[in-house]
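In what follows, a structure is listed as structure tokens, so that the remarks can point back to it.
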Amino acid sequence: MTKRIILGAVAILLVIAAAYAAFFIAPQERTMGLIQRIFYFHAATAWAGEMTFFVCFLANLLYVWKRQPKYDWLGVSSAEVGLACITVVLITGPIWAHPVWGIWWTWDARLTSTFVLWLLYVSYLLLRTLIEEPERRALLSALFGIFAFLDVPLVFFSIRWWRTQHPQPVIMGGSGSGLDPTMSKVFFFSVLAMHVLAAFLIVERYVLEKMNSEVDFLAREVEAQ
Amino acid sequence: MSLFSNTAVLLSKELRTEFRSRELLTTTVVFILVVLILFSFAISPTTEESREFGPGLLWLAILFAASLMLQPCFLREQSNDTLSSLRLAVSDPFSIFLAKLIANTLFLLLTELIMLPFFAIFYNVPVLPEFHWLILVLFLGSLGISVAGTALSAISAQARMRELLLPLLLLPLLTPVLVVSATVTVSLFDREPIVKGKGIAFLAVFDVVFLTALWLFGEYLLEE
Amino acid sequence: MPRVPQVPVLHLGSSPTKLTVTPSKLSPTGLRFDGIDKRYGGLYALRRVTFEISAGECAVLSGRNGSGKTTLLRIAGQLVRPSAGKISFPGSSSDSSINARPGYVGHSTMVYDELTAEENLLLFARLQKVESPVARAEDLLREVGLYERRGSLVRTFSRGMRQRIAIARALIHRPSVLLLDEPATGLDPLGITWLANSLRELNSAGCTIVMSLHGESEISSLATRAVRLDAGNVIADTKTGASLHDILTFGAA
């Protein structure tokens, strides 16, 4: 319990510090102005999201192999936190793009791929709501999660290739491409902060899922009497 | 090897069942036809636009049709619990998947070939130049759709709302196939057709990745 | 004068030219459950089930609906993995090939409605690498009295005929153990008599039979052993002194 509280406190402190750094320490970007500072948040959350999906993949593999419920709990927790990260990325993207380039959405490679990723993990969570029996649900969603994760690099490559066939301005510039040293430091600090926050959220969601599962177990036992 | 002989026996069963009633094939062909016609009503493409957008719409129609066509794949094994008797009879459960995905690929290809003349006429698109490349793209794309679709159909058959679930699981997963196949097909229909080898290679990679995944994890999909 | 319908009987070893089940081909095999648990979420469908059925016995599993009979049979048929414990087949020739698997007759026919009787049996014979599948399928069709309807789609079969094709499918690989889940359901008296005679013949040819039944009937009278399940636990066993009658009618009003 105390470890969780410490983790939560550290996460919140880091995020506040990163926000401060993004607004006050990082130098103003030449062309884009104030709104560019959202980049630290946007890109850092994207990296954290990708990491949580990798954790989800590992949890899925472990469940299929070992069949221990804890891997199922980890899988759903990381998928939900990952989805939240991706949602943030998809929202901050347009918020950044609109004042700078005048458009809300663009079918640029990274944004499009991220959107497909979002759809895949929404499907994963939806699948879970449609299977009642806990062990079936855990197994089938783990298997779908594995297929979905294998699809992710294919999605990114195919969409990037597709976009090179229809040349378009690269809008959401490379994260960390040609960043001034202070900016880099702020960026990596933001990445750290978002990872710790994501870890904290996964832990909390995991604990919640564990309790849920135990209550469900007891409820079924009672029903069986 | 008994995997291949089991697959051959099961494949002949799948084909025999379908060709006896032809219900899957006829409904799928009609469905794609309807979708393509509706697309052209909605967009009213000029000839130039047809050339550019037609292939994308064709592949979209194929995807929609496939997500419907693949529904019965494992559902029909539930009515008399034949999935259990198959599991008892085969030495490698992958043969069940292999037979179904080969059958599904063949059905999809057949549907597409039947559709092609209609597509060429309604959309004024020249499909004959580079025909052998077109067939290759259709084959690799359909194979990818079948592999993913057969696997996901085994999952959705065990969930509620399965009619809506299968397209929901399948369509995002197949985005790479849609995007690449459409792009390659567009350039095949161009005034000066180009064969995009990289795209074709990608489709083959997609097929291999998912075939391998199905081979590794298929037996768990069939667990009770 | 009313014509008495002939009851088709499963004849084993009675044809002078061909024996479809010879005792020497079946290595007498038993069925052993060791500490079988099956959990679905929080629910225990089976709890520490441990007993052994000896080779050649004709055993009945009795119990109310939901007592775990179907689950136990599906575990024995290797369709379901137990959460704990294991099953084994003492006495079976040690190859773990298809032929060592028990035959399984479930609630459904487990054959394809859209195929003919012959096509169905051929399918399963070929999948299981049965020798001379065409001959074997024909023999079985004759044995179960469906030879004349071999070219008809199973969809057109009556309930009794469906039961017969289901049993034919289960026997196609000459199993030494036959599992049946409430095989008498939906059968008329003639069908039940046929089933009883067939099981009797199979059992005397050396096939170990394990079936789940409700109550007493012509079929339960074949039993040389009975086990009662309740809420996933074994509560009575003829091996430990309970009477067959009691086990079959436990608590029935």
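Read from first to last, the chains carry the letters A, B and C; within each, the first residue is number 1.
By definition in this document, a contact is a pair of C-beta atoms (placed from the backbone, for glycine too) under 8 Å apart; a residue touches a chain by one contact, two chains touch by 3 or more.
Bear in mind the structure is a predicted one, so any value in this text is a computation, not a measurement.
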| item | value |
| --- | --- |
| Centrality ranking, top chain (CA atoms only) | B |
| Between A-B and A-C, the pair joined by more C-beta contacts | A-B |
| Inter-chain centre distance, subunit B versus subunit C - centres from mean C-alpha coordinates, in Å | 40 |
| Whole-Å gap separating subunit A and subunit C, where each centre is the average of the chain's CA atoms | 52 |
| Mean-CA-position distance for subunit B and subunit A (Å) | 31 |
| Touching two or more other chains - residues of subunit A | none |
| Per-residue overlap in subunit B, given as positions that touch at least 2 other chains | 223 |
| Residues of subunit A touching subunit B in the complex | 64, 116, 119-120, 123, 126-127, 130-132, 136, 139-140, 143-144, 146-148, 150-151, 154-155, 157-159, 161-162, 165 |
| For the subunit C and subunit A complex, residues of the former touching the latter | 39-44, 231 |
| Subunit B partner contacts - residues on subunit C that touch it in the complex | 74, 77-81, 97-98, 101, 104, 106-115, 119, 123-124, 126-129, 169 |
| Subunit C-touching residues of subunit A, taken from the complex the two chains share | 133-135, 216-221, 224 |
| Subunit B residues touching subunit C - in the complex, by the definition given at the top | 2, 5-6, 9-10, 13, 16-17, 20-21, 79-82, 84-91, 223-224 |
